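Two complexes are shown next, each including chain A; its partner changes from chain B in the first to chain C in the second.
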Partner chain A sequence: MSYEVMVGNKACATGVKLARVKVASAFPITPQTTITEYLSDMYAAGEFDFDFVNVEGELTSQVVVQAATAVGARSFTCTSGPGLLYMHHPMQETASKRLPLVMAVVHRGVKGMQPDHSDLMSQQWQGWIHMYVENAQEILDTCVMAYKIAEDKRIRLPVAFGYDGYVLSYTAEPVEIPAQEEIDKFLPPYKPMPSILPGEADPATFARGFGDADPQKPWKIHHEAALMAETVIKEVFADWAKRFGRSYGNGMIEPYRIDDAEAVITAMGTIAGSAMSAVDKLRADGKKVGLVKIRSFLPFPRTDFREIAKKIGAFGIIDRSCQPGMGGPTWHQMRSTLYDQPGPQILGFYAGLGGKEVRVDDIVKIGEKTLKAARGEKVEPLVDWV
Partner chain B sequence: MSQRITRAQIPLEEMTIVPGSACQGCGAALASRLTFKALGPNVIRHGIPCCPDAVTKHPRAGAVFEGGGASLTGTARGLKAIGRTDIKAVGFFGDGGVYDIGFQGLSAAAERNENILVICKDNEAYMNTGNQRSSGTPKYAETSTNPIGPRSRGKETQKKNVPMIFAAHYVPYIATASVAFPEDLIAKVKYARDLEGFRMIIIQSPCPVGWNFDSAKTIEVARTGVQSGMWPLYEIENGTSFKLNYKPKELKPVVEYLKPQRRFRHMTEAEVNEIQTYVAERWQKLVKADEVHQVII
Partner chain C sequence: MIEIRLHGRGGQGAVTASRILATAAYEEGKYSQAIPMYGTERRGAPLVAYVRIDEKRVRERELVHTPDYSLCMDTLLGMQQAVADNVKPGGVVLLNTPKNPEESELAGNIKIATVDATSIALETLGRPITNTAILGAFVKVTGVLKVESINKAILKYYPGRVGEMNIAAVKKSYELVKGPVQAKNKEAPQVKADLYVDGYGVLKDVSSWRVFTPKIDESKCTGCKTCWIFCPENALEWGEDKKPHMVSRVCKGCGLCANECPVKAIEMVRVEI
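What follows is the complex of A and B.
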């Protein structure tokens, strides 16, 4: 174990190294760029045994790591905003082939270069596991854990973890680097399932398509695997906490001061950090507001929120993206999650889109409005722009 | 350069699974059969959306249409990472996947000199979707997106010179081949298989449905294409060394190639002459290149 003050992107590259990735491929795009540079430096210096493929575009990087994962090499790629949109086409295939790839998405909005969650949120139908992380330490830890989650035989799905560009990718923080031997005990070498190698491949899988299977079945199996990820994520995070002494709630959510809360704010990524300070401020004023950081957006932490909903009067949902004509994806998910039970009011707040700064006082106001709703007071409008 | 083989040296073992789902007389199915015979079993075959041609016993890796070069790259790098460089990463793509939508990824793979073998079964249009033009379609050919009418004489421009473009990436090996010359085709595939780095073979694969000729005449059409200079057979090493593999004393007139194919039936005498002149000029350059063993373009 060692410590280093490093930026988010270096924490990411360090996680890749600790996970003993064999093939990495990426195309530079701000604010992800320096991950490709850190990896290039590591490759040039022979810091660990891996292959780095410098490609001509994001679509290629996604397909390269897809194929490398298929033959049995643990692989990594990373991108941001428009680069992720360019990967859209092959990403679907990564998930449909059930390839346990891990990808870092350094958030960059699609209406400008500043960060919001519109890039990763736009990929909800791709069949990946989506996580959102808050700080550099969490980037490193999540990068390693993501492989254990993705490669679990019960799910075998690719994992994308997102973190806010600039404010996190380029901001230095002290990071604890676990010892390689400890990581090796946690994360065993990757074995592909099934094998695609000549002589080992099952012809029914990789050669001609046989059989008259129900064409809907792959969707059903895929959906069930994605739901199963909740169990796997909780197990892996519990194991990590035991081994390394660091935990992020149960992996699905990270609650903060919610035990006696009347109202709960939810936030994702770096906004969750500011939201903690806001909660402390509200608490100092005697206002019983708590925070839930949503770590896993896909699958959505339904079980956890159904429990929390029983004890509180209102949720204030912060969305850092907006699907025009539809609204905030987290707000929608929460309302869908709690539809079948009598529960709290669910307020929506758009904040930080296009990289707009979200201050602690903005979140204090969100907390106060949510608390009002929790106490049965009428609040207007239900969804607002911060 | 590849060494000549005789028909007796063609491997007997078939790699294709029969019955296949290709059309009668499919040139691409024959290209697949010959190619994978020559390659043997230790191959991961890569496909992208294209005609079914002939399915082989190899494990298959599919990718998105534009992802041929990238998926071969990933496989080759992954095999190296797991210490299985004995297995060959081979792509078998159509002209859409090589000349057009997959061009960028393949060009990049060639520039990186990836250790991959790309085979293009060139049937000169998007045949899987019903004969829409590609940049591999020759000038004046009628396609479903170049119908003949008052404003259209078929495809407007000459076929993209893909072998020379890839040769200009200075890669180890580029060759053209034809299903009508199986010994030459197999010799080239075998030679390419055992080289390191980026190799590409472009195989002329007549399509009786799209080119619109009698499906019993696939080989005749292909052979006339080579004999008339429409489809020259050559090899290029490292982007510079050149060898013309088939040099008749005299070329057949292109009209013998064009006439049996209904995609060219609307052509006027002047248009045929234009193609004849174009082919003759290109042929002279190829003969000259062969004499000096150097690429001339």
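What follows is the complex of A and C.
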């Protein structure tokens, strides 16, 4: 094991190297671009041998890594904001063909260059696993683990992990780099499916509905695989914690000081980091507020939240994106998750959209409002813009 | 937790300096974070970077709003009150200037230290890249990190001869720094330049970046809108008189408009300080 003070994008490139990726393809877009620059540096220095395919746009980069994954090469791509939207069409195919590739999404908003989660949130229906990452160490670790999760025979689904552009992609912090031999023991070489030809492929792992009488069946199999991902994610994260001594909750969620909490805030990405400091501040004031960092948005950590909901009075849900006319995606998921059990009030907060800075004191106020609701006081409005 | 703000111009190495500090801190068994404030910075434009050093892993992601220390790598920027803004009471502002700390007009309950980092950089590196030349002075006046850890960090970024040259700059600035002394002025002046903006996604006032500013000769202008089309920053507004008007806050002084004007109605003139 060694260490380096590195930026988020270099941590991502290092994860790609440790995972022994064979093929990468990407089209440059700020703030993602430097990932491929770091990969090129590693190639030039003779540290990492892989094929990089230059393309004319994100749509093609997704198609290139699809093909590479299909014929048996572990593959990687990365993009940001509008680049991800341009990938929309082939992404659906990646998941439907059950190609277990990994993509880093370095969040960039769609109403400007600065980060929010509207890019990855807009891809919810693509059938991928979606993870949200908070710090540079977690980027490296998640990148390696994502391959193990994606390639698991029980799911075989592509994984997209997102982290906030600028705030994390360009911030340097100490990152421990696991030894390659240890990673090799953790992540065996990628084995492609025996056949990709129509008629020969197993519909369970190649869900295109070839020759199947029921055209709805591929959707059913796909949905079940995505739900199964919860089990796989928890197993892989537990294995990682045992081998490398670093854990991120159970992989689905990372709770922070929730054991005796009256109210719980949820957050994703870098906001969750600031929220930990906010919880420390609230606790120092005697206010029993905890935090749950949501790591996996798809599948949503239903089991975990149903348990936590039994013990607390209110949730304060921070969303870094908004579907106009519908609202915050996390807030909606949480309300749907807890609908059929008696439980806490669920407040919503929009924060950090369009890259607006989220300060620790903003989150302290979110915590105080949620605590008020937990104690049965009336709070208005139910959903607010921070 | 120790929080540091670094001011410089694009090309002086403020971002690298922030990473060297973060690396040196980790060498001493501490956790750290180096945050560059990214906007539309380019060579010569004022920019800001931040560093946090703590005993445990730094989790918060907001920018540094009340630093313990402020370092300024550029002599002219160091004359702006903004480099001393929001520094914690009793905090140190370290300036790159040949002057003595007593001569600085910066105001507030702050201490001021000075070092002639530009001369040191020219002597040791042969180029006015002042980032390492200010770090030795920083260690001397604050005692936050050890020179050995700074040197170790420098070698990680610049192995070999370039690293050794930078280490020489650190040594020299450690020896030559003056101060810190209490600032003589208590009240900050009312008028000040906007060197940095607290927050992402906020439109910056970039008027202080301009070395040259476009001057439009309306008698020559034919109203063809070429300048308006080419301006990368929407800094030209189209007036009711069908002529372009510069929006001072947004113009960086890149000179594209003057270059593209088919009738040469725009001239770039040096900004007077």
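Assume the second predicted complex is superposed on the first by the 368 of 386 C-alpha atoms of A that agree within 3 Å, B and C clash if a C-alpha of one lies under 4 Å from a C-alpha of the other, contacts with A are read in each partner's own complex, and residues count from 1 in each chain.
Throughout what follows, a residue touches a chain if its C-beta (ideal position, glycine included) is under 8 Å from a C-beta of that chain, and two chains touch if they have at least 3 such contacts.
Remember, it's a predicted structure, so these values are computed and weren't measured experimentally.
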* **Touching partner for A:Ala68 - first (chain B), second (chain C), both, neither** => first
* To do: For A:Ala172, decide between first (touching chain B), second (touching chain C), both and neither.
  => second
* Asked: Of the two partner chains, chain B (first) and chain C (second), which one does A:Thr33 touch, if any: first, second, both, or neither?
  -> neither
* Asked: Taking the superposition as given, does A:Arg359 touch the first partner, chain B, the second, chain C, both, or neither?
  -> second
* Asked: Counting only touches as set out at the top, which of chain B and chain C does A:Leu59 meet: first, second, both, neither?
  -> first
* Asked: With the two structures laid over each other on chain A, which partner does A:Lys22 touch: chain B (first), chain C (second), both, or neither?
  -> first
* Asked: Should A:Phe50 be classified as contacting the first partner (chain B), the second (chain C), both, or neither?
  -> first
* Given the complex with chain B, which residues does chain A contribute to the contact? -> 22-23, 25, 50-51, 53-57, 59-73, 75, 89-90, 93, 196-199, 201, 203, 206-208
* To do: Provide the residue numbers of chain B that touch chain A in the complex, in ascending order.
  => 17, 41-44, 46, 55-64, 66-67, 69-75, 77-82, 84, 87, 104-105, 107-108, 111-112
* Structure fact -> Interface with chain C, chain A side, in the complex: residues 3-5, 31, 109, 112, 114-115, 134-135, 164, 166-168, 170-174, 270-271, 273-274, 276-277, 354-360
* If you look only at chain C, which of its residues touch chain A in the complex? -> 18-19, 22-23, 26, 31-36, 38, 57-63, 65, 153, 156, 198-201
